[in-house]
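Quick notes on the structure that follows.
Labels A, B, C, D, E, F, G and H are assigned to the chains in the order they are written; within every chain, residues are numbered from 1.
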Amino acid sequence: MEMIAPAAQELIPNNAAATGDDALLEISLGPHHPSTHGVFRMDVVLDGERVVKLKPVFGYLHRNHEKIAEGASYLASMPYTDRLDYIGSLTNNWAYALAVEKLAGIQIPERAEYIRVITAELTRLQNHASTIGFLTQEMGASGSPLMYSFREREKILDLFESLTGSRMMCNYMRFGGCRVDLPAGWLDQTRKVVADFPGFLDEFERLLEGNEILLARTQGVGVLSRELAIQAGVTGPILRASGVNYDIRKVDRYGIYDRFDFRVPLGEHGDVYDRYMVRMLEMRESLKILEQALRDIPSGPIMDTKTKIRGFRPKAGEAYGRIESPKGELGFFLISDGSPNPYRYRVRPPSLINLTVLEDMCLGSNVSDTIVIFGTIDIVLGEVDR
Amino acid sequence: MNSAFTHIYGPIAILMIAAVGFAIAPLAMAWLWSKKFSPRKPGPVKNATYECGLESNDAFLRFRPEYYLYAIVFLIFDVEAIFLLPFAVAFTGLTVGASIAMLIFLLLLVEGLVWTWRKGVLIWV
Amino acid sequence: MNLEKIKSDIEAAVPGCRLQIILNGSPSGQHSLLLGREHAVEIARFLRDDPELRLDYCSNVTGVDWLDSETSEKVKVKKLVDGVEQEVEEVRKTRTPGYLEAVYHLYSMEKKHGPLVLRLRPENRTDHVTLPSLTPVWRSAEFQEREIFDLYGIIFEGHPDLRRILMWDEFEDHPMRKDYVEPNDYEYEPTPHDAVLEKSKQARAIEGQR
Amino acid sequence: MGETADQLFVTLQHWLVGYAPASLRSILSALLSVIAILVVFALLFAITTVLERKGLGRIQNRYGPNRVGPFGFLQPIADGIKSLTKEDIVPRAADKVVHFLAPVVLVIAAFSLYAVLPIGRNMVLANLDAGVLFFFAISSVMELTIFMAGWSSRNKYSLLGAMRAIAQMISYEVPLILAAVTVIMATGSLSTVTIVERQAGYTGILPHWFVFTPWGFAGFVLFMIAATAESNRSPFDLPEGESEIIAGYYTEYSGFKFALFFLGEYLGMFAISGLGITLFLGGWAAPLSFLTWIPSYLWFFAKLLVMISAFIWVRGTLPRLRMDQLMNFAWRFMLPMALLNLVTAGVWRFLPQGLLRWFVCALLVVVPYVLLGRGLAQGWRLEKRVYRFAE
Amino acid sequence: MTPLTSCLLLSALLFTIGLAGALMRRNAILVLIGIELMLNAANLNFIAFWRYGPNPEALTGMMFVIFSIGVAAAEAAVGLALIISLYRHIKTANIDEVNSMRG
Amino acid sequence: MLGEGIAKGLVETARNFIGSYFSKNRLTTVQYPEERLPQIEATRDFPFLVYDGDDWQAGMRCVGCQICEKECPPKCIYIEKSKDKKPDAVGKLQFYPAVFNIDVSVCMSCQICVEVCPFEAIKMDTEFELSTDNRFGGLLWDKARLSKPNAYYGKVHPTDAAASDALLAEEKAKVEAKAKAAGETKTNSELTSPPLATSGATSKQ
Amino acid sequence: MDLELKEALSRQGIFTTTLEELYNWGRRSSVWPLTFGLACCAIEMIATSMARYDLARFGAEVFRPSPRQADLMIVAGTVTKKMAPQVVRLYNQMPEPKYVIAMGACAISGGPFKQGYNVLKGIDRYIPVDVHIPGCPPRPEALMDAFITLQKKIDAQSLTGADRPRHLNAEEPSEFIVPQYGAHDLEPPKNVKLWNIITKNIPNGPGTASDNEPRKD
Amino acid sequence: MLFLIFAMLTVAGAVAAMSLRNLVHSVLALTVAFAGLAAVYLQLGAQFVGLAQILVYIGAVAILIVFAVLLTRDSEASPLAIVGSWKGSGVVALAIFGILAWAVDHSAASRQSVLPQPEATMQQIGNALMLRFALPLEIIGLLLTVALIGAVTIAMREKKEMR
């Protein structure tokens, strides 16, 4: 293999006699572990408390999403996409809808585009907020930051619920637009939430930003080099924390993202602290997008009238559509054979591929750090295992 | 001789005995409860070592010498404390000279500490 | 990103390679390149390192299972019928053998363009299902190739750590293949889940036969 | 009036003991005190668990337990009943005897600490000549019990937790003792009662507590930090750091044995806070001269509650340190600070009273603090970062 | 039996146990434990003689014990370090094997 | 200086602690069984069958067309069409579901059944307190358990219900107009089915 | 209080009754869940313990990471076949009395993923479940409702007698078979004994319409 | 009476420490012996020494030994390894005990039974240490430093080798 982090090779003891092989402790963190975000397992080999080997083991939540989708209609897979990255169902909806729209060549009305942007950015906000909350939890803070971020998350979930009917499993977008129009007063409610959100970010910053313990735990920990990040196909905030300017919202300009003025925060060190901060800053940028979208949203239809919901049969062919989900590049690869069911339905999960670099980042660090590093990758097992 | 001894340490002994009772009594009660009502049901899986839900492999583990180095430094400073305490008690009545003697004693140990520090012993990896 | 140009570039850089452009019928217009397995790694490396292409980011890797397909067409054949040559219509069945496929979607983080779709096909579905691994070129393929190995059974030669990734190690089947038969673990449940009903009915029928 | 209330329990004890035959009097008197200690501190433990949960709740914008009994205050009793009736699992691989002994010895040791704590005027179980030493000696036994727990479970996480616990406790014990030595240097006694008495007296309305001297303040802060580490409280709760090593050394403990660990830990925390109060905060003395009419034991418990609240507050705020940082902090910051503080306390005594003394000693505390702090920050490579944005 | 005698007998017993252990057990750590026991026996003697000796105000015996504790601690630290070092080299803490591996 | 950030954080938590006694925003708990959040109108939980009028069997809107059964992603609906017909709300003779079961232990509350239903017959409920210790009995809902009156629908989803009522009324008007037209042509012949007396109220013959 | 209960009271004697009440009260007021999330429902489970819903009010916020100290296993999410042995093992390693809440469709029956080849069709194939919460995922309130249901269930349990709960009966097992990974499926695919108990009295099979009156809300 | 209990505790702990198979058990038994001895010291009026005994021996030396035990693997639950010449060693030990006991019994000290004033206050100890024993104090300081450096060097060389 060409790319193993150079540090890694030094650290792996190739001469067992020199290290004293019995000094190594094999320990597994997970599948039942308080901070592996569900049913993930890391088989760790420790030298003292230093990680010398780490193998991620997953599949404990392999729910055969792809197989089920290949036996179901295009529409029936939409609610299943909610359950991929179950923290951000709306972005999953969007990615899937985008892929199908590419496959069938559907244009969607402008208002629907705006609604998609608003919901996706709200999803990003609540995803990042809870990720950071979980991260501090994994650092051992007994709940307060997590509770604060969930306090804000609930507000956004209320918005989702009043729009889509469900807190988490929104099942909101359709090929050709969105399922229902915004209920009365929803935009004002959203404006209020968006206006209040910076207050939460400020509070969070005061709570943690200068905290020496947090700094000590995060700075210089789990460094991911720019080269390795690109090579391993890492996407999302982790990639940008390593200094690579690659945000699909900017690159593909899918939807109507070219209409908004926002910036992409980039890290320099690629460590845990950068990943944390990139997420914090991204939330502020998302708020900017939200403000613009809420200001500019036009009225009009929300569904492309030509698109059938039931009995949807795209022409034979294939398409790969991708969006910038909160966790990275979420892509759907669909092959149609002309029947109502997709012939091949593939999810390109950002969480799974971001995990590629877990071992490289963890080698040589303390076992406590692995938990934190793992936390900053921000995986959701539903997406990793599908 | 015992009267003075019991006078000083008797209450402590009683406290300790009571503490034993305090710790044992609930355990005994729990045991009784399990006898009378809720039988204990051990089993091969239940009494296996917990390992995140996986089957446990009974591995014995050893540790890095770091722990031992810290223990040495600790031991030395613990002993130092033994000498410091009488000094501290007598300090109010001591002259500068005697205090300097203690300072020298301290400095000797600090020198050891500095040495270990410089040697990188006190860097935990 | 002109596929024809890329094809000729590759052919110039890697002499003797087999390349074929596969057209895509969907409006997405994402046509793909079918690579011959012998030079796949070289081609991949070229695609990654070529200063113009710089496809440094392999986004998506996936397997596809194409079953054996039968197409029947009516052909007019001249035949001797009762000593007379006549034109007779006959149904001729052509059987296309199925194959497995690995699809790679490449992008460039540096140049910000893409996708370029690569396809690799092993010889057949059943006995010699190997492909060269592109993990040495793009590390992001590591887990995804493992997943294809797990679910489709394609063995990637040169993969650093080819183990099952989603299913347990003792598992023997490749469940994403189209002809995979699930274990019948539907017990009789009084639920409206129609698959359940059907399967439990079948199961009972089988039990009845015994 | 104040006097009577203050000595209420002492008088009561004398009065009760008076009825007993002379030969039994001392035992009876001790027994009464012991029962009082056990009951009061066990109760305090119960209240603290619920206070902690409620306090954390309030910090986290929620109520916390409030349904079990009035305001949720019967919660600990329910927890107790539950623990009592819970099945007790001893892992097959475990060392049964040691596994059983560890929580028991922990509780015994934890209770023994209270023997030398003066919880009010004339209210100390044993006024030992070397009381502070006794305290440290017994608390060093607690380290061993934690090792016993972790080792006997034969569980990887437990052993990891136990090793962490020992490494941590031994590292912080040295600064703990050194911080206490400053006070002993000032009082010339190891007896806790004498230490409290030396802090009696007021200048105007302000008390003569040692915390109000430069070295005393530094000593107090050092002492409390070390105490937090000694009692395995956040942010030093690595031995039971559940996000890493499940439940640390008591992973394999169930039923009431687990409850005993909880009890032991909290008792240890109270005791060490009590010692901190005794050493630096004037023990049972009133904080202001005109408040002396309030009984002394109430002051002690008021101070203890403040300490406990501080523990809860810190727990609700801070993330956990990493093992190496924890150790570095102990050896590279706490220990030098404590040693310098010792020198400061010496200098304090030999300098004449006045502003100069204050100035010099404050300097002796502040300068090393800043320097060591900076060194630590450099060692951990802490920095403020600026981020760039791509359009 | 006077208190002093009983103390001295206890000390003798402790010393013997330590000695026997140190002589009989193979494990180097146990040998060290035995030595610690012997040292403690000696300490007990000092204390007993200080307590019942002719001149308890001088505190000589007690002082001796305090110093002895310090020395014992130093001894334990170095001794155990040696054992660990030995173990590192030859993977055993068994004295016999150490002997046999010398050559 | 070391400790500055920690102190800031402590101030922040203290602010939350004290704030929890004064500000609703800092004490967000809704004490569930007694207090409840305001019902959000769009909330969906499990489907129910709408019936008009008082008699759930007669007023059942569902005609057993089995579209929802087919479209249900997790396949949790089981329908057996009736052999006979009965008049529906607008008076047309329709089939009805002889058996209509939903396994809520499988249902994923995606409301695709609602979306695809052409008869406004199946709607989403907002009831969520459904925990039970009865694995099959409590979670396998039959027609009777599923049926709820239109008024209930109007209560939980007023906006949607109004829209659906309007739609049905329109349809009914269309049918009536058609019937009228038919009546005019076939002057003396009797209608195959008796016309509905009132809207909403069901056809109790 | 109904007559039967009163009768039972007088028969058992006041001591046992008080003890029983105390026991049940203690158990139900201090249910510590195992930190155990599987999938989507886990997020709602976390949300339940967060500020807005605050499971702590019931004294149940003490999420214990070790099964040894937990009372309640909330099976929150899809149990896959790969995970099933771990779930059962964890359940076995919890000390009695222990309760199981199957949260969400997946945990009850496999839910929307029931058709998957790697999805266990209901955790009750291996371990006994006390309370089922339908929903995908159930709202946090629904989990609290289930929690209250569980408390009621605990309250109704008797300390002695034939109908005493499983953990008080020495004959009843406290350990259940941990399935093994097989070549095609888990082995065994279900705990037959347990499954028979569950399916013993199914009220209405498929296709049987019951004509009981609907609930009018 | 009390003395007897403490003595028995001490001896039992010592015997267990020297004879148990499991080294960790040995160490734990050793702590019991130390505790018993500390109790004897306390009884003899040497409060400071008794508590110091607990602090240093139980709190530090025992932990040090435990670390050493955990760092050397084969010591865990080893068979009761006893040197081949255990009989000879036993005889030697018994002989020494005999001699000691005889000496104790016949020494002049054993006949002295006066009870001088008990207790040495901390103040006295402090003064004695700082005034009369200042030089030994410095020497002990030196010794400790040397021991620290020595032990760390010995153990650390291994640490480097591990890398």
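Please note the rule applied: a contact is a pair of C-beta atoms (placed from the backbone, for glycine too) under 8 Å apart; a residue touches a chain by one contact, two chains touch by 3 or more.
Please read all numbers here as calculations on a predicted model, not as lab measurements.
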Joint neighbours of subunit G and subunit B, given as chain labels: A, D
If you average the Cα atoms per chain, which one ends up farthest from subunit E? F
Where the centre means the average of the CA atoms, what chain is farthest from subunit D? C
Set B-E beside B-H; more C-beta pairs touch across B-H
Please compute the C-alpha centroid of subunit C, do the same for subunit D, then give the distance between them in whole Å. 66
Measuring centre to centre with CA averages, how many angstrom lie between subunit C and subunit G? 44
So, in whole Å, the Cα centroid of subunit D is separated from that of subunit H by 29
Two or more other chains are touched by the subunit F residues 2-3, 6, 9, 12-13, 16, 27-29, 31, 73-75, 78, 101, 103, 105-106, 108-109, 136, 140
Residue list for subunit A, restricted to those that touch at least two other chains: 20, 22-23, 25, 29, 31-34, 59, 62, 64, 67, 79-80, 83, 144, 147-148, 151, 154, 169, 207, 211-215, 385
What parts of subunit H, by residue number, touch at least two of the other chains? 45, 47-48, 52, 55-56, 59-61, 63-64, 67-68, 70-71, 73, 118-119, 122-123, 125, 128-129, 140, 144, 147-148, 151-152, 155, 158, 161-162
For the complex, give me every residue of subunit H touching subunit D. 22, 24-25, 28, 31, 47-48, 51-52, 54-55, 58-60, 62-63, 66-67, 70, 119, 121-123
Which residues of subunit G touch subunit C in their complex? 81-82, 109, 114-115, 117-118, 121, 125, 181-186, 189-190, 195, 199, 202, 204-206
Once bound in the complex, which stretches of subunit B touch subunit G? 37-39, 41, 43-46, 48, 50, 52-55
Of all residues in subunit G, those that touch subunit D in their complex: 22-23, 25-27, 29-31, 35, 50-52, 54, 56-59, 61-62, 64-66, 68-69, 71, 93, 95-97, 167, 174
Hey, which residues of subunit B end up touching subunit D in the complex? 6-12, 14-16, 18-20, 22-24, 26-27, 29-31, 33-34, 37-38, 40-42, 44, 46-52, 56, 58-59, 61, 63, 67, 70-71, 73-74, 77-78, 81, 84-85, 88-93, 96, 99, 103, 106, 110, 113, 117, 122-125
